[in-house]
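So that we are looking at the same thing, I have put the structure below in structure tokens.
Chain lettering (A, B, C, D, E, F, G and H) follows the sequence in which the chains are written, and residue indices restart at 1 in each chain.
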């Protein structure tokens, strides 16, 4: 091959392929910018749970979060059309962290609304990752979201007591204990999920101590229909 | 969802998916062990170029390398059957480095045999990555292989002179200059390829200095009666 | 020595010795996988103490743990046959951490069953490390297990109160105070054991605070009619 | 067990065992201090090769080094009596690095005296590690020493030329090429030895360039009995 | 100085100075070993305060501590003879930590005996650092000891309640409040003292919580005219 | 400001300022993409000097480069309209590196055309940075460009000899010696410019070696009265 | 030969002339930078001391508190009038962004102290643009303003929450439980603000957000403890408590019942 | 209650009195440390400039060289007489080791510059104890000496080899090949000295030894290149060379033939 041929046959086509990868990344980044904006707004919205006891305010926050998740869904729809077939794992560094945060937020909303643990399919639906052709919800990301949830709930348990809601910590305690039991069954390899799981025990301990404080002082509400002690 | 259901519906399936990923990785590791063995043998075989001037010995080494590449091809065939659909980029850390080295070796063999630059399709054929269903030759890996080739040729130019072959450096000089011109056309982003490309200039410079040494001493073949330029 | 001799006499035997080391490590890893599985099961089994007050359930858990320790013993028997003579410390990174966890679990079982501190010989017997030829129970690992026990008991004290068992914290307080006194006698050098020992004071403090809470509220059993100290 | 018993039966014996370990380490440290003093002196003594061409001065340095190795041997004899049976690998962090340096120095002395590669048994003899009961020369340490030798010889090749000795680089080139060929046969795992081996190629390249410079300028001595070119 | 006598004029004197420094350090280390042994014994002796309410036992412990301080004084006397003139701060890493602990213990003894804050001169006398020629009591070390004292007193307040002594927490509260007020006057830079001082607020908080618990229950003794608060 | 309107008064304006900064950066990035494209083309164009001796080809390359600089000037004109008043140094990370490269290229063109060192004002004119309102040519960037020039000229000296031009190295030698003398007058602090300047000595050394090689062979042209040295 | 060239170069050589001018410019820049760094170090130290001083307002003796606050105010004004004026004068006619790194740490520490002072006197603090407007100095009739990037304001606020955490725990220590809730609430809002910032590539903000989170956790635990202890009035003690004068004097703590 | 205790604490309280005295002592120490740090920074900068200046002695024009060396000498003396005197006065009556960290970097940089100057003027440099003896100042009739630890001398020497490396390569650039060998030989000896030091626990020494090794490798390559190029006189050129006047003027380079 002559010198000119090398350039024509070998390097010129490369620049195109390099450019098209750059373009894909640029598009992904733009989409993720929008998704992350909504993500930030959901985070900020749900912070209200640490500042109020008022159930209606919390409901309203969940409602707002739900509508923000609709925006997120549109973002992931776009993303699905941008990722080339079979290259999910080539690019997923761009959305992995945001997806984990969104799983956490979806699980928090469902916990606040219904009190139970959201499953993976529902989470995928809330995020807009369900039954897409090129993107999906990765197991690790969903689990990471649940671990983040436990940490947020430990904080929530403390602040609930401060605002005089003594039944919330019991609900949280039961919920997180189950989460913990579930995770203990898994034989995780030595990766970021494992490391994050090791931190779960601190959340469990924190929540147990809150329940202890309440029980010791006879502040645990009677499981009857009524309100807290006072 | 009750506590038992959580475990049954959420965590038990997870363990299965974790296990199956582990199994895939184990299989890949075993396949790569074999491929890397052949890779090491090709490297050792081709080292002969730094110790001899004898064209036949070099031909024989290329021949041996070719047959070792056949073994490599079988390895990649196996790999193709092991990688799950669409998850090439999930696992490609396992074979990326070896693939780059193999591209370098394929390009070296073709240079020694024919004197020209191997193209990407041919390289994929030599490695056994051509027209596979789940694996392929990544552009970056091929380019990385070419950059490694330049470094090896710089060393080859030096040793050729030691063994009294004064025309080889000129061939190498021309070849690497073209390679350099090709790479300069690319607008590489700031990644490992770019970093490696930055090192190319040292190889170019080394080779230019060898040619300088020969020219200055009138050792360049075909420059008339044998004396220096003037 | 000629070039061929170098390869024959020096490097070829080396590859064999490298390979055999690799094989030993592979075998150890496989054995440890089984031991760690039992270890995880013992952990899960004994977690019951944080969820119930029921003495029979706890006894049953101890019983299950004992039978799982039998499996562990078989694992260490195998290990004993695999480690080359005199190379315990060459490989013990593979089992050190698991052994420390197992010491902790053995000490917890004995505490739950009998209420006293297990000694090192008994611990070695429970784990299957007693009177083996090539492996043994290292003093540091046993002590590390005891320190882990104190942390678990601090959590146990908190949860006991939650479940209404007000005498358990007193038992734990006495037990851990003795442990603490024992450790204070040791002049530990500045290593991981020393670091872990420094954390013991937090467990002691936590337990003292639980006892304080009970005493202040007159919940300490056997202190007469039920009211506080005065 | 009562509180006093715990202290008497469990912790008091521990202090003794901790103390005796401390004592062993203290003794090892003292022995190593002496060995390292000799090691430093051998290093400084042999630096002469970079400052002179004079064969007699080099011989004298080798002679001095030999007598310093006798001191080293006495040190290792002491060490052998101090290490407890079967605990070589528990303590070998104390002498590993020094041993590798000593292997390098022994190999350098033998190269200077005889021109060939010292084997492992001889190295062990020079160091005083041969046929000891509790200590031995580890394969990795010997190999690490050889890799250090290659680096020193690359420097030696450069300085030899500066002092006008044009045959030395050829001897070194041949010697290191063989070393390189030997190492390439090994399938090293990804440890410190592997990393150090990766650096060997720079030494090889450096030496090849020196030979290139000599060859190009016709400075390579005729293998006949004579002196260098001039 | 020619390059040939560099070793003689520069490095030999330097090595000598290092050696003599090492010797001094060795002597210091030996002296500190003894001091630290006494230190550990004082710590163990005074731990009795967390296990008993009995004033006589506490007095006896203080008495024992006093006699152990006599041993410490002998240690520091030796140290004074070992440190070269004007080089206190060259070596004080060796005794800084122990001195801080000893200040804490001296302050604790004086608090237990007399109920007031020991001043710096008296502390220096107790430790044997008063009016020595080459060593002295550093202000920072004394202050660090006082901060350690506050932490111990917080724990003491909790355990006093457990043993039914309700006036001790009030005494401690007043004492630590004064200490706190004193420290607030200082301009601490961002060093270890500042960091340790930042933790003082947690001790103050803990003590305040105990007093609050007692007040709420009307358990605060109305000690006419005596030590207690108002 | 109450805590409720913190978001409104503090964080909203901050987010707005971030957003508008990001917008400016986006615009800058787009402009720089075009400038960098021209930059790459100038580099490729001028590489001809390493492949030919032909003065006309070199003149043609300079001519092409000049027209590409016109494109660059338009880019910087745009940039000037985008940067906010007085914020050159807030954003100059975006164009610093490219500007340095362009200074190097401008200086190379002027050296090839006229043989002398381009001054800073002229460089600014060539780049289109002269008498702009918001952007300017930074002294450091100009100096960095000159240092890059020296490196390129060292390579040019080597290749000139290869192509038989023996007067070029002398011209380069004189030119770079002056540059070197100039740089030595500066008090550089420990920054990137100082680091880059430290490398200048290697370029000077390389050029000096080429001149030495020529002198030794009597290849230095005795150009009467002309450009060459003496 | 190079050596001969070097020898022939003298101060009339045009290259040498050029570089002599460059030397002047570079030295000026370097000297100016160094001078600003020194001012910044002084500013940092003095502000740390003011912050330390402000923590001693943690008393109910109003007169004492006022004395401390006035001293802090004087010293803050002093920094503003003396040290920052000096920096502003050094920057007069120069690109401020070029020297911004030289005084950014002093500036942030000043904001931390200033805002802490404002919070203690008024329970609130000034917006960036208000403070920014005040960074204005007169020099020989010219009005010169000192560059005050908004990011330094925000990072100063972040550090300020660390001081609020100290304050909150000290408040509990001396019994000002009422203030604990107020301060904790303030930090909750600031934390929400930080959570909402989107600024890709600025790691410093992420790091500070994490520190605020940790401080906030400590404060929340303080408030939790006040609530949990206060909520418990043992039944058998109730009578005593109602009769006790001790409790009645503390109605400021009673608001959370 | 804590609050009441705090309110009752006034300046007559013995604890408060004690701490007021402590404050004085701590502030003094801190201020003194800061002042010395500032001197040290000034010293460092000035020495770096002197070293830079000394590199411009790389010329054969003796008069030029002398001017530069005299300027360097004056400025070194100035540092010694002014800056270090100020440090010594600040330390008068205080434990020098306590403040040593505050000026160690300035001191090392000074040694580097001083020794470089001495090497350029005399081809050698002074021993530690000679220099140490000169760190002596008179103040109101008192003789005060500044603490000069030997380790700072040694670390200064280590950095000095870096400058020798630069010098050696520059020497080649301007054709002073003779000096290349001399300088390289000097560094070989210093390197041997560093290799022989046994000082467990001092990582700084190990790190510097490694840097010296790298510098030395560069210098050895310079000498190698001089030798290898000089050793080659192509046979067919020999006649030309002998006739050439160019070569004859360079007999100082001929010694290694």
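Rule of thumb we're sticking to: a contact is a pair of C-beta atoms (placed from the backbone, for glycine too) under 8 Å apart; a residue touches a chain by one contact, two chains touch by 3 or more.
The structure presented is a predicted model; accordingly, all values stated were derived computationally and were not measured.
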item	value
Chain pair equivalent in interface to C-E, over half of contacts matched, among A-B, B-D or C-D	B-D
Interface residue overlap between copies subunit B and subunit D, same or different (over half shared)	different
Whole-Å gap between the CA centroids of subunit A and subunit D	55
Separation of mean Cα positions, subunit D and subunit C [Å, integer]	41
Distance from the mean Cα position of subunit F to that of subunit C, given in whole angstrom	65
Centre-to-centre distance between subunit F and subunit B (centres being mean Cα positions), rounded to whole Å	34
Multi-chain contact sites of subunit G, meaning residues that touch two or more partners	1-2, 6, 45, 58, 173-175, 185, 188, 192, 196-198, 232, 234
Residue list for subunit B, restricted to those that touch at least two other chains	181, 185, 187, 217
Residue ranges of subunit C touching subunit D (in the complex, touch as defined)	1, 3, 6-7, 9-12, 14-15, 17-19, 22, 85-90, 116-117, 119-120, 139, 143, 174, 178-179, 181-183, 185-189
Residue ranges of subunit H in contact with subunit F within the complex	45, 48-49, 52, 55-56, 58, 166, 169-170, 172-175, 222, 225, 229-230, 232-234, 237, 240-241, 244, 246-247
Touch list for subunit B against partner subunit F, complex	177, 181, 184-185, 187, 205, 208-209, 211-212, 215-216, 228-230
Residues of subunit C defined as touching subunit A within the complex	37, 40, 43-44, 47, 50-51, 155, 158-159, 161-162, 164, 210, 213-214, 217, 219
Complex contact set, residues of subunit G against subunit A	185, 188, 191-192, 195-198, 217, 220-221, 223-224, 227-228, 231-232, 256-257
